[in-house]
Each structure stands twice: as structure tokens, then as C-alpha cells.
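Below, chain A partners chain B and then partners chain C, in two separate complexes.
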Partner chain A sequence: MALAREVYQAFEDIVGNRNISEDIGVCETYRSIPSQTSAHYGPSKEWTPLPQAVILPGSTEEVQNIVKICNKYGIEFKAGSTFWATMAYIGGDNAVQLDMRRMKSIEIDAKNMAAVVEPFAIAGTIQAEAMKVGLNVQIPGVGCSSSTLASSSGWAGFGPASIFMGANPENLLGAEWVLPNGEILRTGSLGSGDGWFCGEGPGPSTRGILRGIFGPAGSMGVCTKIATRLHPWPGPKQFRTYGKAPAYKADFGDNFKCYTLCYPDWESWARSVQYFHESDVLYIGHRQFNMFGRNLKAFMLNIITDPEKQLSDLPELLKDPEIQKHNDNMKHDYQVVIAGMTKRDMEYKEKAIDYILEQTGGWKHEMMLEKEKHDYALAYMTRLGHKNLNYVMCGAYEGTFGLSGNVWKTIQVVEEASAQKRKWETEHTCIAATGGDSAMGGVSSLGGGGATGWEFFTNFDSYELESVQGTSDMVDENQAFHNKYAFGPDFCRWNSDVRHVNGYSYTQEEHDEMFAKAPQPWIYAYQYKIREAVNPNHLCGSYLRTLSPGKLEGK
Partner chain B sequence: MALQDLRPMMERCSSCSGCKFIPFEKIQSVRFAENCPSIGYYNFHTYAARGRFQLSQSVLDGRTELTETVTEAIHSCTSCGLCDVTCKITRYNLEPLAHNLEQKAYAVEKGAVLPAQKTIMETLAKENSMIPGTKKKNRTDWAKDLNLKDLFKEKGEIAFFAGCKYSYDEKLQKTAQDAVRILQHAGVDLGYLGAADNCCTGRAKQMGYFKEFDKGANTNIKAFEKAGVKTIVTPCSDCYNSFKRQYAELGMEVEVLHVVEYIERLILEGKIKFSKSVPMTVTYHDPCHLGRQGEKFEAWEGIDKKIFNQIHIYEPRKPRYNGIDGVYDAPRNILKAIPGVNLVEMERIREYSWCCGAGGGCSQTLPEYSAWTAGERIAEANSTGADALVTACPWCKDNFTDAEDEDGNKMEVLDIIDLVHKAI
Partner chain C sequence: MESLKKKLVGIVGARNVIDNRDVLDSYSKDESFATPMKPWFVVKPENAAQVKELVKSARETETPLVPVSSGAPHFKGDTVPSVPQSVIVDLSGMNKIISVNRQQRMAVIEPGVTYDQLQEALAKEGMTLAVSLRPRANKSVLTSVLEMEPRLNCIHQFNYTEPLRCSEVTFGDGNQIYTGEAGNGPKDLQTQWDLGKWQVMSNGPNMMDFLRMVMQAQGSMGIVTWVSLKCELLPSIHKMYLVPAKKSVDLEDFLYKVVRVRFSDKQFIMNKACLASLLADSKEDIAKLKSELPAWVSAVGISGDILLPEMKVSAQEQDIADFAQDCGLQFLSSLPGATGEEVLARSIGTCEGKHWKQTAKGAFQDIFFITTLDKTSVFINAMYELAIEAGYPTEDLGVYIQPQHMGTSVHLEFSLPYDPENTKEAKMVKALYTVASEKMSSLGGYYARPYDIWANIQLKKDAQSYKVLQDLKGIFDPSNIMNTGKLTLK
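Moving on to the complex of A and B:
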């Protein structure tokens, strides 16, 4: 169903004819295919609905005018920036897709340690601009090609540096927000005309609406600008690298060190993490390279750090007993980066690491101390520019289990989860057999130290139907594991209550049925009221979990 | 190879946005972070490699027709190959450039072409040139007074191949003549193909006209063989790529050198000496087809297989073109050897250099877009504080010459041969 001519013309009048298209070919490229990206509602080969038009606004005013037209004619809309995550795509047939690509400005406020950014400002460019003035931005675990605005205002947004810099929802210092009804809300201190320094006021606070691990994911209008807190960067003003593509390596100077810390068992591993939570030593802490799996990580590190090597070298490398020894030595591991603000600070941090290792029986992994591997890991962890190695083995991955929470809880179940994944690796062929344990994620998903944020990387072939379906079946079985421990939805199913597998939004009736029986249903009823206040025409899909208040049991 | 054969590649792309930026570790500013001219200009996701993968899936599934917009989208790829480099930073089995070219070939086969492409291809068919309005009979006029040997008449092993742009463009002919004089002055015994000098047809391939490329390439390979050519020297980066990569794939075994490689060699051998100072600060633009697409062709025959259930590998190991072994150091070494020249670098260089906008035929088929692309480079060059932008390709030079950045600023543009000539 094409848009009525008057509606299309109204949109075109706002953005100009270069910035709108209803061409079938253009619109087809704005459909997400959940097997080809991480959708968090399970891999499938379905395509999300076809937008009626794609619109590229260039300013807040244009966004506001588009939203007003959508309200006038009852047209759904959704904004996306990088078009990586499926949550950025529309969920119905009578909908237009907003592509925020033209809005990518970055203003660095060095004095107040903040950056005011638009939707298509990716973390990599914000970091580059911040480093020029000795500052840094928290990059979510997904990598530096993600939109910082999206990870601050719409979704989880934690990453390797969260232990030092906090998660992006924690860093949100205010937003310019075009509500779904077309009004503009400026949150926090910005809302009282006092600039971008505090997300909670003086001025309207939207804590619990714009932020949180299950954020609105673009279902509550369009944030056109946010301020994010920046953090100290004691390194060079440019992200200095050396080496050949694809194995670029960091050249930051002596006040940076990247270690792979290893422990004899999970108990000592967890104790060390707890010490790091308490000691304020780490700049970055992440179990990163275990994403390649317990059986393969040292071998994969020998491939990715060498520009001449490729996956085809894996069978030969696997015969190398020296690398096997290195692999065996990094079973319970994680990567850390320390950054010395001064020479003495660096000395203190080095001593603190040594002390923690001594207390826990841990060691620095020898292979990862080799200069080129060290420098590669440092570049990797600092910019997260190589994060898309997630996909290198098979073409697709989904995170499963999602053992996020208290580190002591995580280690109780990690081997059981690993065994369950290993069973699928050995009894089926749908996923890559990498050794069961492929748990990776931050040693803290909160500033200062706290809950871990883990997922088991599960690699599959998005081209092969059996692989896609088999992976989905495996996640269903993993959900039983989650149910047994009351862990909630599996990481791979986090979004299964906000979008159908075929990409369409849920109806209110469907959500009522789900959430009336969910734990803490008042939350969903509260979110219903919020939505009714600012999104009375229900125009942005069903990512905001809502429950009609009348459906609350006992009411 | 047909577009359908690349379906696994299309479906294994994970939409990570690597194809929209230079390698992330190389980003120094938001202004010069992006890598793809076509999405840079048109802005829709459709125009990035990911969008192109998805577009192909939709076309092959029959949901998308080759509309005018789709046709322009397909042919707006400048074939610069930067998305190919950046994709391969983290993906070992995707080749966006090969896909984009195959997508163009598919469109050409279905008749979905741009109006200007038809004219260019008619010129190629009739006059053996990629430049409409030119005549075959005038192709070697530029070389009249240069004492170049006609290798079909006189014995010689080194063929100078100017290419269409240098041969016909009056503004550029002097550069080609100077290149010949520089080499001759250093004692190189140069010849050319005379009446058999034709278009290399590389740009035809860049536009998706694979059959026409094959036809032209095979004719030229036979001509080089018949003339007894052992080494081809060309000042044109497009021709260089054609001979070194594309012709090699068709079996040609002749040594191929770009003029900058030959000049660098002669400087090292002491056969070229600079006697004059050229006091200026310059910045160097790496032509796509000399730089990242200037890597040597390596033949491969093998299979794609899976290990550990689903991990893709090639058996035997497949050559991986990630742009790092292109011609980057030779032009820089020449510039550093010229007295008085101070070389300053732009943010996007070497394997992640921004395209001039002329590739893929775009300077002729989509001139407004092509000029914008060149203007972006002018802005970057001006940001270095350089007096001039130097390059080593006539298509790049021509596209930069009249280009302006967003504020209307221009820049002096020089071919590296011009600078060498000034210094001798």
C-alpha cells in the first residue's frame, strides 16, 4: 500500500525530494533480516515489514514536522541510525522509516567533559574527537560502529570500559527528544535552559523512561540530540596505530598496558573481579577473546594479530603444541587495560594488578605479552574497531544464555551452560564447535564495578537454513536452563516479547496477555500510562512493554 | 560467476556498518571518517555495500525491479574498493567489490544502464576509446614527436601505454609526453603499440560491461604478445589495474609497472637525478586502482569448506586482497626525493584513501555526484595546509582540477610526473 500522494508530498515538503524515497529497491534495503544481524528474538530468515517510504531528516525541526504528519495521518514511524540492530526497523505495514544518517554532528565540551551528539554520531568518531582534547567516550560492547545516542537513550549501552566510565545510560546528561506526539521535550538541565550538564535536572527527569537496560528502543519517538559524559584519556591526541591491515596495533606510549589475566579456577577468577570492582584500577575490563571459544581462542589470536594469516590457517595452527599450551593457560581469563594518568599512577596500578594476581593465584598470559599481540589487544579493547570479528567464523552470531548479574552467581552456572552449548556442538552441526564455553562480556556493566554482562557467542551460518533453525532450537533449549534458575529470558530472546519472529509488532491485546502474568506487572501498566500520555496513536511499534491497567490481575 | 553465485556472501553480511567508514582504528575526525562516496552523496543505506547486498537479495527474489532509482544506485558505485578493504578488516570471506561489479554486470545484462554509459560503450565499440567524441585515428597523435618505437616495426621490449585519458585529453597530453621524456632521458628504450594501441577496457569492466572488457583485453594481450613486449609502463592507474590484475587473471604474464614505480627504480639506480628545487608543500592522493587495487593477481583454484561444523575456510588458502600491498611507497619516495618538496598526509591515505569520484565511469555518467566526491577530497587536502594536491592518475587529476569543497575552495592539482619534470 503506497502512501497517499498528499502524505508523500507533505513529507517531501519537509525534507526535500533528495531525502525521501518510496522506490521499492530503496525501501527493500530498510528491512532487517534477523539471521543476518543480532535481533535478540532469535535468528530467522524472515524480513521485517517493508516501509512505505524512507525519510532522511536533517534537523530536529524536520523530525518534529515528520512526526506531526505521521500523527495527522495515523502512520507508524521508527528512527534508525546505523541499521545494525533489528530494533531500529519498523514493525508494521503502514509505516515509514526514518534514517537519521544526515544528523551526525559532534560538539565536544572539554571544560564540562561532555559531548553533544546527534543520532548518526558513532562511538568511533566521538572517541576520535574526544581524544583531541584528552577525553574518551564509553563504547558499548557491540563496537564503535554503533550510535552512542541509541546506546544511551534506547538500549543497554554497556561495554569493556564501563568499569571506569559507566554504561551509556549512566552517562546520559540530557536529551532533545521529539515525543511520538510531535512535542519536543528537553530533559534534565537542558530543559530549564541551563545547558547539558545533568540528565536529571534542574528540569524534567526521564530516568526510567529513556534509560535502563531494556530501554524504549526507539518506540517512544526520536531523540535528536543527547549529551554524553566524557572521561579522562591520558593517551595521544590521535588514535595512533602501526602495522598492516587488518591487524592494526596501538602505539599509545608507556602509560598503557593491556594484559590477559588468567586464573586456575572460576572461584579465584571471581575473587579477582571482585577485587577489581573494589580497587578502582582498571580502565577497561572484559572477557573478550573467549568469544572465539575455549578450544580456539589462542589459535584465533594468532590469526587475527597477523595480517598474513586467515581462517584457512586454523587447521595447521591447531597442530602447534606451543599454541595449545597457551590456549590451555587461558581457560579462566579476561583482558584488562590500565591507563596511567601519571607515572606514579601507572606504577600503582601495575602493583595493584600484581597484588591481586598474587592473592588469587592468577597470572599474566605469556603469549599476550608479546609486543605485537599486546599492542593489537590494546587497540582492539580501546576502540572496539575490530568487534565485528564476532562474525568472522561463520557470518553470523547470536548471544545466548546472557549470564549478566553478580559475578558469584555467574560462575556457579557457567560450566553447566558451557556443557549445554558443547552438547549442541557435538551432537548437532548447526553451530560452530568452539569448545562450549564462549562466554564473553564485561567484568562490570556498571560504573565502578558491579554486575557482569555476559553472553555466550554462538556462531552459525546465516546462509544455511538448517544452521539458522538449529540455532533457534538450541536457544529454546537454553531457555529451559534459564527458567530452572529463574534468570528470565535468554539473551537471544530478550526481544521476543516486543516483536514477532516475522518482524511485526505485537498488538496491545497480545501484550496484555503476556504481561498480566509477568513478574512486577505494575511496571508495564506504568509504561502504558506513559505511552498513552505521549504516544496516544501508538505509532512507534511495540518495543515499549505495556499492559492495559484494566488487565492487571486483581484490579 | 553470476550474481546468484554470490548469494552466500550477501546473506553472510551482518550489517555492521564497516562498509560505511574507513577502518575504525584509523578514524581521526568525524569530518573524514566515512569511506563510501555513494552513500556519502545519496545518503540512503541502499548505497552502502550492505544495502547493495540486500538489494541483490531482493532483486534475485523478484521483489525489486530495476527501476531508474535502482539502476542509478547500482551504477553509482565508483568501484573504488574501499568498502572491500574495510569489510575485510574483520571479515575474511566477504568481497563487496566483487559483488558490486557483479551487480552492475547483472544490471547491464538486463538493460538497466545509465544513458551516458550507452554513449561511452558505443564509442568503445566504434573508436576503441572510453571518451565519447574521440576518434581512433587520432589516438597516438600525442606521441608524434617523441621518438617512441612502434613495437610492431622495431624491436623493443618496453611498451609505454598512455591510455585513453592521456591520449585524447589535450590538457593532459603534455604530462604523458613528459613521462616519456623523463624515462628516455634516463636511458629507457621505450616503444608503443602504434596502430594496435587501444583502450585497455578496464573502465568498461568497472561499469559492469564484462563481455566488452574480455573482448578488448584479449585483443590487447595478443597485441602485447605479438609485439614481444616484456614490460608495460603506464602513467594511468586505471590501465595499471587492468594490466596487473585483470589481464593477469586472463593469463597475461608481462611485467606491469606504473610510471611511479619505474621512476622510483631509476632514482635508486642513479639514472634520474634532480637538479632543481620545487619549494612547495604537497599532499598525495592514492588513486584507488594504483593503491588498494594495485595488488598483484594471484591465481587460486580451490573449494570453500567448513570445519568445526560451521567455520568457513578455503582449501587451499585463498589469496586475500585487502589492499595493503598496493603501490603506496613509490610515489611518496619520489616526492621525498624532490628537493624542496614537503609532503604532508591527509587523514585518509593508502589502503583507506578516499576515492576521487571518477571510478566506475562515474565522472562521465553521474558528473554531479562525481564532482561532489572530488570536492570532499579537496576539502581534506586543504585541511592539511598543502599548496597542491598531487596524484598519479589522469582520471583523478581531471576530476580534482575543477572540483570545489563545500565552501567553494579549489586547489592546485598536479600529476606527480609534472613535479618530477619540474625538478629535473
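Moving on to the complex of A and C:
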């Protein structure tokens, strides 16, 4: 079903013919597996619907005009900035895809530690600009090629540095939105033209309807500009790396250290995390390299830090007793970066780490103190530019479980979850056998600590149906585990209640059926009412969880 | 009126429905210039279920409700009814500390809990709550955080709403939900705790954030019956240093340096009139202090708790002293007229009875808004000019600059003490307040918390936000019963 000519023409009149396409070859590239990100591969055999056209707006005004046309003709639309999220892709047949890549400006207010950025300003570029003036930006785990605007206003946004830099919704200062009805809303001090410094108020914050725990996932129109808070960077003005690709390394000087901290058991691990939550010691904290699995991580670290080595060297390396010892030593671990704002601050932070290790019986992992490994891990954690490594094992991966929130609760179940995954690794051939525990995630997903979030990396082959099916079966079992402990949906099933497995939106009736059973259903009824106020024509798909209030009235 | 009373008695019991003239009088006005208006009743609910019933019943009878949690005196006009036939919902009797959890550093409290009450309970567990500047002893902690009164420490303000996390709200439509992470679970705190959930994450619960519907709302959206709060560890060493300057602008670079690297645990700037009022207990002492204190002072607190406190404090002391020196300033533990210790104790402690700003002349009017530190001198100069023009004694004008949200913005507060018995002076201050409020807005001052006349000034500048706010008001308070008349254009 192609767009009517007059509609296509109306869009073209807004952006010019170079910035719109209905070429099937172009449109096909704007489809994603209907997983929860476009790069967590499902496991799924389907694709999101094909857009009728792809449009590249170049300004807020163009976005507004496009949205008005969509309202006039009843066409659904969805904006994506860097498209790592499946939520950036449309969910119906009569829909156009907005790709925000033409809007990418960055302005930095160094004094007040803020950057005003457009949708396609990616975190890596913002970071490079910020570092020139002694500042840094929080990069979510998705990596440095993701849009900071998208993770601030659209979706998720926590990462390894969140303990020091907060999650991106916490960093959001002000935002400019084209609402689904075509009106422009500027939040906080921006609305009255007073500047970008405060995203809240006047009075109750309208940002509340644009960003919750996760964000509206493209269902509340198009965000065209935000201000994000920046954070101190006591390192060099340029992120210089050394070493051969892909094993880049960085040495930022004596006031930066990256350690892999290890503990004898989960209890002492959690106590150390609590110490870090209660202090201002860490710059970055993440259980990162466990993504390769408990049985393989030290071996994989020997491969990825050495440009001469590759995955096929793994079987040989596995015979090395020295590395095996290193591997055994890093069972309950995480990586940290400390950054000294001054010499004295660095001395204090070093001593604080030693103190925490002393109190918890922990140690710094010896192998990770070797200069090259240290510098590799430091570059990795600071820039998050090595996302290719998520895929090296089998070409595709998915995150499962997603033990999140209270760290003390997590440690009670992590071994049980690991054993459950290990069973699938050893009794089936659908996923890579990496050691059961492949849990990775932040030491905190909130600024200042308080909550962790872990996904178990699961490597599978998205080109082999058996592998896809097997992984999916395993997730079914993991979901039962999650239900047992009231952990909510499994990490990779997050959006099963907002989009059909075939990538299409739910109808209101289907959503009513689901959310009437929610423990606090009025939350969904309010979301319905707010949608009616700003999106009367329902043009942005079903990612917004809504419940017809009529289903609750009288209850 | 009688039938309304009957309904109210049916919900909260006869002893909790008050129509005594004197009591109604006391709720009909505050210490601001807000026009007095007598409520019909004062009701004192004892639990959230009663609050919910009250709101539902008020919806049916179209009775305006004004929620109040702190004890008098009030200063911003927000608790004075704007329309006749209102019912005051006084929540000060709901004063339970529902939980304190050291492991999670979280506390859950009801609206009537005061700072002293909470700090005492937290101290027993080795914790404390980040405070706003010298709150009144009977100030409700819940309303203080809900109305975003700025905290003395901006560098732990990861989220704008810190230390406020989750809440229980009865919206004006009579429905009650939990906000934040708590909204995702069963609507029962004990069940959530049993599941290991401690109401930690503030955003949400879902794609939208309903806490932001009630924050800074002056009770115009709903009634909050508990909040969860992120607590800090109780310092084992706590010091405050003072950095004097002739002009506020001389302190800007210094404060930027301190805040940027996230040293210190409290940081603000005051002029001598403000600092003298904070420290002194009598008019005479204020006058004396004003003659001794430097024109401007930046106060910087440093603390250590359980993690090598001596080393941390010593490192920051030396580093911050170096920053001061780099800026040509002195970093002192005391000044003529004030020691750091006194400033610390007064700023974090509560004040009994009257507000500390009333000591100077008996009454005061504040003007506060948000801006950035580098712009503060523009507002300060303009305010002094306006004061001179109005004939207001500039030596009495208090100025307080509080960095917030990790220093990305500041709360700038002017205080105009006056003698309420002196009609001429009161009139002059009222006029100055009106003119200066307009002027600050025209210079880019942002009234994020738009009390009284600021609502009109701020909302007029932002038609689209106003429209969306009206839409939201229509959703959450469809019968317009919640603190009717607040946050609307006139």
C-alpha cells in the first residue's frame, strides 16, 4: 500500500526530494527484528512492518509540518535517531518512518556543565566535544554511537558511568518536543525562553508525560532538542588511543585507574557494591567482561586485548593453566574506573578502594593490572566503542533474565539463574556454553547508587532456526524463574505487552485486556487519558501502555 | 453546609472536623500578601483511606480542598484558600515514619513528619536527610521535598527531585496510585518490602512519571500521603568553611570550581543581611552582625562518614583552599562575627516558633527563582536598583544563592524583611515585591515554583506549557477541587 500521491507530495514539499524516499530498497532497511533492541537478536523470526516512506526532517519546523500532515491524513509515524532500539521502528502498515540524522548540532555551555544537542548528535561526538572543555557525557551501555537525545527523552539510558554521572533521564535538563498533535512543547525554563538550565515546571513538570522510567519509546511525538547535564572529566582534552585496531588502548595519566575488583563470594561482592553506592569514589563501575561468561572471560580478555589473536585461538588458550588461574580468580567481579579530580583526591580514592577490599576480603585482579590490559579496559569503559564484541561468539546475542533493582536480592538468586542457563548450555546446542553466569551490567543504574541491572548475555546463531527456537524456549523457562521471584518480564521479553511478536501494534482492546489486570491499573488509565489529550488520532503505535478508563470506572 | 459537615464527619469522625471560628480564621491567611479567605471547615484525616474518601466525596459535592501538612506560620500564600467554601485538609496529624531502611538508605514518611522527628530516627541508624536551609521545626518534610525546596548540597542531586523518590497520591479524581518504581508493584508497602522493593526509583512507574504531576503543584493536582526518601550517611566529621568577598561575582569562579569536581557536601552564597538573620536570635544581634560580617560569604561544608573520613576531609580541605587561593580568596574556618561551625549548625538545624527571617523586622517577603550562577549578578544588581528606587533599605535586603542539580542551575532568593505594623513599609514592600517579581522574570529568572503572583507572570510567558498543564489538570482533577485557583492565569 503506497502513500497517496498528494500525501507523498506534501511530505516532499516539506523536506525536499532528497530527504524522502519510498524506494523499497531504502524502506526495507528500516525494519528490525521485533525484539527489544534492533541488535539484541530476538530470538525472533519476524520483522517489523515496512514503512510507506522514510523521511529525514532537518529542523523542528519541518518535523512539526510532517506531524501535521500525518494528523491530516491519519498516517502513523515514528522517529528514530540512531535506531538501536526496536522501539524506534513503526508498528503498522499505514506509517512513515522519521530518521532524524540531519539534526545533529551540539552546543556546550562549559560553565554550567550542559550540552544542548539534537537527535543525531551521538554520544561519542558529544564526548569528544565535552572533553575539550574538561567535561564528559554519560554513555549508556548501548555504546558511543547512540543518540544521547534518544536515551534521555526516548528510551532507557543508563550505563557503566551512571553511578557518577546518573542515568540520562536524570541528566535531562530541558527538552523541545513536537507532540503527536503537532503542537510544540518546551519543558521547564526553555518554555518561557529563559534558557536550557532547568527541565522542570513551571509548577508540575510537563516532562512527566514525556519521560517515565523508560521513556515513551517514540509514542509521544518527536523530541527535536534537549539539554543534557555534563560531568567533570579530569583527563586529556583528546581521547588519544594507542595500539592496533581493534585492540585500542588509552593512557589518560596517573589520575585514572581501571581495576577489576574481585571477591570471594556474592555476599562480600554486594557489601563492596554497597560501599560504592554510599561513597563518591567511582567514576565508572560495571560488570563488563563477564559478558563473555564465567568460564571464558579471562581467556577472551587475552584475545581481545591482543590484535594478533582471534576467536579461533580460544581452544588453545583454554589449555593455559596460568590463564585458567586468572579466570578462577575473577568469578565474582566487576570493573571500576576511578578518576582523581586532584592529586589528593586520587590518593584518597586509591586508599578508599584498598579499604573496601580489606573490609570485604576482595582483591584487584592481577592480570588486569598489566599495562596493556589496564589501558584496554580503561579505553573500553570510558568510550564504550567496542560493541562489536557483543557479537563475536556466534554472530547474535540476546540478554536474558535482567535481575534488576535491589542488589541484595539479586545475589540471592544469581547462582540459581546461572545454573538454569548452564543447563541450557550443556544439555542443548542452541546457545554458546560460556559458563552459566554471563551476567553483566552496572554497579548502579542510578546516579549515586541504589539499583543494579543485569542481563545474562546469551550468544546464539540468528541464522539457524534451531538456535533461535532453542534460545526462545530457554527464555520461556527464564520467564518462569522471573515470575517465581516477582521480577517482571524477562529482559528480552520486555516489549511483549507493547508489540505483537510479528512486530505490529496491539489494538486498544488487546491492551485493555492486559492492563485491567495490572496491580495498579489506574496508571495505565492515566496514560490513556494523556494520550487522548496530545495524540487524539493515535498516530504513534502501541508502545504507550494504555487502558480505557471505562474498564475501571465503578470499580 | 450542614450536609457537608455530616459527610466530612462520616469520613474522619466528629473530632476531626473543625469549624471553630478562631481555627478557621487561622487558616484563612498566612504571612504573605495573599488575600485572606476563610475556609468552611478544617478536617484532619488520620490515614490515606480517609484522604481518598474525602477527595471522592469532595468531587461529588464540588467542594474545594486545600491540603496543608506543615504547622503555621506559612509564607507563600499556597495554603490560603483562593475560593470560598473550601475545606482545609490538614495532614499534620498523619505523622508516622513508616519505615527506615539502613541497607537501602531509604525512609518512608507521612505528611506530618517534621525534620527533627525524621533526623532523630535516621541518626539512630547512622543516616541523615539532605535538608533545605534552616527549616521551621514544624515544617513538613514531605511538602518541603514535594515543593522542591532546594537542598544545601547540590552534588548528590543526581535527579532534580532528590531526595524525593516514590509517593502515594490521591489525585483530584479520587483515584489513588503509587508513583515511581512503587507503582509497578502491588499497592501495599509491606508486600513490596517482602519482595525486596524499597521504593527506590523515582521515575515512572511506566512510560510517564506521575510524581512530576504533584511536585511543585501546591496541592493543585492531588494529595500525597507518603513519600520515600533517599537518605545520606550521617557524617562522622562535618565542618564548614567560609569564604568572604566584597561582591557576589567574586565568588562565582570559586563556587564553579568546587561544584564541578564535586567536592564539599554543602555549598551556598549569602550576603551579610541574610547570613546575619540566619545566625542571630534578636534584632539587635542581627544589626551587630551586619556591621561585622563581610558583604558576601560563600559557605562550604565538608564531611566524611564511614570511608576514611579524616583522609577525605583533609584532602578536600586542602584542595578547596587551593581553589580559593587560585581565585584570590581566603578559605577560613571563622570570620569576624561568625564561625563555620555556627553557620553549619544554623543552616542544617530547624528553627522553633517563628521563621528565622522574621527576627529582623517581624515579617518578610521572598522572591525566588531559578537561573544559572553566572547570571546571578545581573539579577542582584537589578534588585538593588529596584530597592533603592522603592526606598527600601538595601542593607536589609537578604540574598541567598543555592546551587542545585549538581550546579547546572541555582536557586536565587531575595528576602525583604519589613515591619508588618508599619503600614507604609508593608505597602512599599508589597509594591516592590510586585515590580521586582516582574523585573526578574523579564531578565530571564525562571519561576519553577510559581507561587502567588508568579503563577501569572510565569505561565503568561509560556502558552503551550500552560495549555498542557490545563489538560493535565483536567485529567487529574476534573472537577477542579484541588487547591482551586492556584496555578491558573488570572
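We adopt the following convention: the second predicted complex is superposed on the first by the 537 of 555 C-alpha atoms of A that agree within 3 Å, B and C clash if a C-alpha of one lies under 4 Å from a C-alpha of the other, contacts with A are read in each partner's own complex, and residues count from 1 in each chain.
As a working rule, a residue touches a chain if its C-beta (ideal position, glycine included) is under 8 Å from a C-beta of that chain, and two chains touch if they have at least 3 such contacts.
These figures come from a predicted structure and were not determined experimentally.
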Have a look at chain B and chain C on chain A after the superposition and call it: clash or fit.
-> fit
Would you check which partner chain A:Val414 touches, where first means chain B only, second means chain C only, and both and neither mean what they say?
-> neither
Kindly classify A:Ala161 by the partners it touches after superposition: chain B alone (first), chain C alone (second), both, or neither?
-> neither
Answer with first, second, both or neither: which of chain B and chain C does A:Leu403 touch in the superposed model?
-> neither
So, does A:Val54 touch the first partner chain B, the second partner chain C, both, or neither?
-> first
Between chain B (first) and chain C (second), which, if any, makes contact with A:Met367: first, second, both or neither?
-> neither
Give one of first, second, both or neither to describe whether A:Ser312 is in contact with chain B, with chain C, with both, or with none.
-> first
Once both complexes sit on top of each other, what is the least C-alpha distance from chain B to chain C, rounded to whole angstrom?
-> 23
Residues on chain A in contact with chain B in one complex and with chain C in the other?
-> none
Flag every residue of chain A that touches chain B in the complex, lowest number first.
-> 18-19, 21, 23-26, 28-33, 35-38, 54, 56, 82-84, 99, 101-102, 104-106, 121-122, 124-129, 143-145, 238-239, 241, 244-246, 248, 296, 307, 310-315, 379, 383-397, 425, 428-434, 459-464, 467
Spell out the part of chain A that touches chain C in their complex, as residue ranges.
-> 111-114, 134, 166, 169-170, 173, 183-189, 191-195, 197-217, 219-220, 229, 232, 234, 274-275, 277-281, 341-342, 344-345, 347-348, 351-352, 355-356, 405-406, 408-409, 446-448, 450-451, 486, 488, 519-520, 522-527, 529-530, 533-534, 543-545
Interfacial residue positions of chain B with respect to chain A in the complex | 7-8, 11-18, 20-21, 23-30, 33, 39, 43-46, 50-51, 54-55, 58-59, 63-67, 69-70, 73, 85, 88-93, 306-318, 320, 322-324, 351-352
Provide the residue numbers of chain C that touch chain A in the complex, in ascending order.
-> 103-105, 148, 155-156, 158-161, 175-178, 180-181, 183-187, 195-198, 200-201, 203-218, 220-221, 230, 233, 256, 260-263, 305-308, 311-312, 314-316, 318-319, 322, 370-374, 405-409, 441, 444-450, 455, 458-459, 461-462, 464-465, 467-469, 471-472, 474-476, 487
